[in-house]
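What follows is a single structure, written as C-alpha cells, with notes after it.
When the chains are written out, they are named A, B, C and D in that same order, and each has its own residue count from 1.
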Amino acid sequence: MAGHPQLDPDGLPFSADRIPDDIFDEMRARNLARWPTGAEIDLDEAAAYHLAMPKHKQLGWVMRRADEEGRCLTQPRGGFGTLELQKELMTCLDKDGHADIVPTTTDSYTRNEQWENAANGIEESKKAGRSMLNGYPMVNYGPKVTRQLVEAIDKPAIVLSGTSMPRLTSEVGFAAGYSGYLGSGLAYTASYTKEVTIEQGIRNYQYLDRLAARYQDLGVELHRRQPGFLTGTNIPPSIAILTCIIDALLAAGQGVKNYGLELGQTLHLVQDAAAIRMARELTQEYLQRLGHDDIFTPVTSLHWMGAWPYDDAQCEALVAYGGTLAAIGGAVSVTTKSSHEAFGIPTPEANAAGLRTTRMAVYLARHIRLDDMPEFKTECNMIAREVRPVMDKILEMGDGDVAIGTIRACEAGVMDIPWSPSNHMKSRVMPARDADGYLRIFDCGEMPIPKDVMDYHHDKLRERAARDNLPFDHELAVSSVYELSENLETLIPFPWAAE
Amino acid sequence: MSLTPEQRGKLTLVTGVIGADTHIVGNRILSMALEKEGYKVVALGALTPAEDFIKAAIETAADAILVSSLYGQGELDCRGFRDMCIEAGLEDITLYVGGNLVVGKQSWNDVEARYREMGFNRAFPPGTRTPDVVDMLDQDLKGRAGGAAA
Amino acid sequence: MAGHPQLDPDGLPFSADRIPDDIFDEMRARNLARWPTGAEIDLDEAAAYHLAMPKHKQLGWVMRRADEEGRCLTQPRGGFGTLELQKELMTCLDKDGHADIVPTTTDSYTRNEQWENAANGIEESKKAGRSMLNGYPMVNYGPKVTRQLVEAIDKPAIVLSGTSMPRLTSEVGFAAGYSGYLGSGLAYTASYTKEVTIEQGIRNYQYLDRLAARYQDLGVELHRRQPGFLTGTNIPPSIAILTCIIDALLAAGQGVKNYGLELGQTLHLVQDAAAIRMARELTQEYLQRLGHDDIFTPVTSLHWMGAWPYDDAQCEALVAYGGTLAAIGGAVSVTTKSSHEAFGIPTPEANAAGLRTTRMAVYLARHIRLDDMPEFKTECNMIAREVRPVMDKILEMGDGDVAIGTIRACEAGVMDIPWSPSNHMKSRVMPARDADGYLRIFDCGEMPIPKDVMDYHHDKLRERAARDNLPFDHELAVSSVYELSENLETLIPFPWAAE
Amino acid sequence: MSLTPEQRGKLTLVTGVIGADTHIVGNRILSMALEKEGYKVVALGALTPAEDFIKAAIETAADAILVSSLYGQGELDCRGFRDMCIEAGLEDITLYVGGNLVVGKQSWNDVEARYREMGFNRAFPPGTRTPDVVDMLDQDLKGRAGGAAA
C-alpha cells in the first residue's frame, strides 16, 4: 500500500536511506541480466574510460566551471532511431549548433523498457530511411557501440530519457561515456507514467543515483539532473522547486554530489529569474537542513515546455527569449527547442538553428541581473512562502524520511502536480496565467499553501478574468494551456481596426 | 448541421492516448470538451495499449474511438488498429486519430493519407481545436444519433 | 558662412523662427514646380482626403492611442522600385506581417532628388523583373497614383526617406495620404550627406515641418518623426537624445504637435530602457523650457542599426530581442529588421517574418518595466548628466536660437556624431562598448561632457580593454563596430575545448 | 606572398563609396586599415560620383580603385565604370568593388559574375574583412610594387 514502508522486489524496505552495497550489487546483477547488452558493462572499465576523457567532455566538471565563471551553457534535445542518424545529429548539434552539451534522447519504447518494440523500431527506421522512433534506442545498441556517439563529439554528452524506469538505460549510458543523466523519481513518475507507483519510480532512481555515486567513489563525478519541468504545462515555480528539493534530497541520500535542477520557463522575465534563484537557494536550504552540505546544485532553465505556436516566426521569439530568460535569470545552462516544436521532432538543422539563436540571445543578455529589482524580490518571497509550508509538511508526514513523506504527501494531495497523467497524483492543483503574464495558482487542491498567499494568486487571476471577460473558473486554466500556441491575430491584434 | 446535446447523449466515444505516450493534456482537454458538449465519453487516459481501446469500445458499445498520439511513434502504435477492430466485431466503428502523428515535421497530406490507409476515418493535424472535432463528430455520427439534426 | 545668420535661397534669414505664411507659399510654389507630379498637389483636397480616412489609418491618432494604452506597435521598413512591387510588399507587411504601421521607403535617387535617375531605375526594374532601386520612387509616381498604396492597406502609412532634401517627397507623401513622415534636419543631414550644410538640411526640414503644421491647421494631425539613430553605428543614448531635442525644438518652432523620437537600440536591456525614458523626459524638459508645452513626443525604438551577423539564426535573436527591448523599455513603437539584414533588402516574406517575431516578443514582454531597478536609475542619471551640459551650451551658442546654436555647435564639435559622412561634422566623438555591453564614449571630442562623467565611461572601457587584452585606444571603437556581426565562434566559443 | 610596408608605400589606392550612397563606416575602416598596412590611400568618402574616382585616380596615378557600394543601387551606379576608366587612359588600373552590391539577398556567384562582366577585377561579398582585402591587393599588385615580395 502506498504511504507505508514496504519491501520492494529488491527486498529493501522503502525509505530514503542509502541502498547497502551488497544489496545494490545484487540489484545490479539482476538488472544487467535483463537484456544482452547488459553483459558488456564493467564498472571499473567504464570509470577508467571516463577518467581518460578530457575534462571538457565531463559534464560534472563542465557544470562546475560554468557556474564558477557565470556562464549559461546551451544544450538541445535530440534522438533518432539508428546509430547512423544519431551520430549525424550529434555532430551537427556540436559543430553547427555550437551546443556546449550534446544530448541523446532515448525513444519511448526504451523509456518504457519495451526493448523488443525498440528493436522493431530500428528495423522499421532502416527500412523507411527515416526515424520511426522518437529517440535513440540506447539499450538495444548497448554501451560499446554507443561509445561511437560520445567519441563523435568534442563536448560532454548527456542522456535524456523521460521515464520512471531508468535502471538499465543509465547503466548503458554511463558505461558508454555519457557524463550526464537527466531524470528523477518523483518528477518523472508523476509526469511520464500512469500506473507506475511513486515508490517504484523513486526506488528506480535511487538505483540510478546509487550507481552515479559508485562512479563518484571511483573518482568520476557524473552530473545527475532533475527534470523539474514535470508535465511542462504551466508549472508554477513553487511546484517545480518542491520536486527539485525532494528529488535532490533523495539523490543526496544515495551519495550524489553533482545534481542539477531543471526548471521549465514561465516565459516571464521576473518570475523566471526568481524561480532560478529560489530553486537553488531553497534546495540548498533543505539539503543543509538534512545534513548534506557539499552538494552542487546548478540550475538549468528550459525553453517553454508548454504548447508552442504553429508559426515559425512566432517560435523564433520563444527560442530567443528562452536564451534571454535563462541568462538574465542566472541559469548555468539552458535547454533549447526549435521553430519546429509544435509540429514534430526537429531536423538536425532546425535544432542547430534553435541553439544558435539561443546562444546569441545569451550573448546579448550580457551580465544583466534583476537582483535589486523590488518585483523580483517580491516573487522570490512568494515562492519561498509557497515552498516551505509544503516541504515542511512533507518531511513531517514522513517522520523525517523524505521518501516516505513524499509518498504520503502525493497520496494526500499535499504534494501535487498539474495535468499529471499518473493515477498516483491527485492532479487537483490548477495553474493559470494572470493579467501580467505571471503563472499563478488558481486552485491549490490539498497543498498547504498559506491563505494570504492564495489570496494574492486569486486577486491576480481575478484581474485577468476581468480583463479577458471570463468567469473566474477552470476555464482560466484551460485557456492558459493554449495561450502561447495562439496565433498573433488572437494574442495581439491591431487594436483599432474596428473603430 | 450540428447535433443537440440530447442527441449527442446517445453517442458514446472512447478516448485515450495510444502506446507508450504520456501526452495527456490535449487528450484530457478534448475529453472534457466533448463531455461538456453532451457526448458520453469514456476516457482511458495516457499510455493506453491498442487492445484497451477496443476492449472499452466493446464494453460500452461505443460509436467512435478517438485515438490521440503525440509523441511521434503513433505510426508504429496504430498499425493494424482497424484490423483489430474488425476482428473484435467493430466493423462500423468510426475511428479518429489526432495529434503529432509522425516523427518530425512532415507534409500533412502525406501523413493524413498514411492514416487513412491504416483505416482511420479521419486524421487531425497538430493544432486541432476542440470545436472543430465536435463539428466533425456531429457530421459523421448524425446517422447513429437518431432524431433529426438540429 | 556656417555659424552665422544668412539668407538662404528662399530669402529668409536662418533661424528657428516659424516660416512666415507668405514666404512659405512662395517656397511651396517653387518646390512643386520642380517635377511634373508636383502639379497634382492641392492642400485642401489632400487634407479632406486625410480627414475622410478612418482614425485607425491616421498615424497621429494611432500613436496617441498606443501611448495612452501602453502599447508597443510594430513597423517595418520597405520599399521596392515599382508601384506593383510596392503594393505587393505593403499588403504582405500588413496582412502577413501584422504590421501596425506600414512603411514606404523611398529609393536613394529620390532621396537625393535625382528623379531622372529614379525614372531610369523604374524602367530598369521593369526590364529586370526585380527591383533595381532600393526603395519606391514616390515623386516619380506622384501622389495620385501613390494613393493606391495607401488604399491597399488597412493601417496607417509612413514615408521613410533618409535624406536632407525632403521638400518634394514630403509634399507628395502627405498628398498621397501618408500620415507619418520620418526625417529631420540635424539628424539626417549629419548622417546621410557629405556636402549638404547643416543649415540647408535644417531649412529643408523646417519646410517639411511647416507643411505638417499647415495640415494641422486644416484639422489633420500628421505624425512627424525624428531619426535619432543617425549613422546607426554605436550611437550612445545621450547623442541620439541631443539630436532628438534639437530637431524637436526646430519642429515645434514650425508648429508641429505630434513628433516622434526614434532611438536605435544599444541592445542593452537597461541602457535602452533608460534611453527611451530619458529621450522623452529630456525632450519635454527642453520643449517646455522653450515654451512648447503641448507637443506629443512618443518614442520609437529601432532594432539594432549597426552591422548584423551573417547567420540567420543569430539574426533571429537580434530581431526578437529588439521587440523585448522596445516593449520593456516602454517605447510606443518598434521599427523592425529581418534575418536578411546583413545581406540586402529583405524579401516581403522575410520582412513579414521579422515583424511577427518582434510582435511575439512584444507580447512576451508583458508589462515588465525596469523603473525601480537601481542600475536603470543610474543610467538615466548618466544620460541626463551628458545631455544637459551640451544642450545648454548649444542654446547658449545660439543666443537662445536653437537653429543657430546647432550650426555653431556642429562647427565647433560641441555637438558631434560618430562615424558621420558629413563634411560639416567633426565626427571626433568615438563610442565603444564596455565589458558589460553598455555603449560608452571613448572620446568625446569637443563635446562639453563633465569630466567625472567621462571618467566613468573611461573606467568602464578600461575594464573591457583589460578583459579583451586590447590597448586602450581607438581599436576599442572599431572592434565595437564589428562586434555584433561576428560569428558565434568568436563571440562566445565553447570555453574549455583547449584545456 | 605578402608585400612589405615599404613595397606597399609605392602603391596608391583610391577608395570611396559610389553614387548616392552614404554608408561610410566600412569604407572608412577599410581605408584606415589599408593606410596602416602601408598603402598610400586617397579616400574620397561617401557619396562619390563615378567620375570623381577616375579624376582622383588620374591625379594620383593610382594603381587601384576600390569602390564601395552598400545601398543596393551599385549595379546601376557601376555600369560602364571600366569603360570610363579606359576612356580616361586607365586601361590597366585594378578595379575592386565590395559591399552589398545588389538589392536583396541574391546568390553571390551571380552577383560576382555580373560585376566581373562589368570589368571589375574582383568583387567582394558582404562581410569581407580587411585582412583579406590586403592579401588580395598584395597578390594583385605585387607586379607594380617593384622589388621581391617578402
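The criterion applied here is as follows: contacts are C-beta pairs under 8 Å (C-beta built on N, C-alpha and C of every residue); 3 or more make two chains touch, one makes a residue touch a chain.
Just so we're clear, the structure is a prediction, and the values are computed from it rather than from any experiment.
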Rounded to the nearest whole Å, what is the centre-to-centre distance of chain A and chain D, using the mean of the C-alpha atoms as each centre?
55
How many Å are there between the centre of chain C and the centre of chain D, using C-alpha atoms for each centre?
31
Distance between chain centroids, defined by C-alpha means - chain B, chain D (Å)
67
Quick one: do these chains touch in a line, a ring, a star, all-to-all (complete), or other?
line
Inter-chain touch pairs (all)
A-B, A-C, C-D
In the complex formed with chain C, which residues of chain D make contact?
17, 19-22, 24-26, 28-29, 32, 45-47, 71-73, 75-76, 100, 102-106, 126-127
Residues of chain A touching chain B in their complex?
107-109, 111-112, 114, 117, 120-121, 124, 130-134, 162, 191-195, 231, 233, 307, 310, 340, 342-347, 350, 419-421, 478, 481, 485
Listed in rising order, chain C residues that touch chain A in their complex are 54-56, 62, 65, 69, 71, 98, 100, 154-155, 267-270, 309, 311-314, 316-321, 323-324, 328, 352-368, 370, 372-375, 436-437, 488-489, 491-492, 494-497, 499
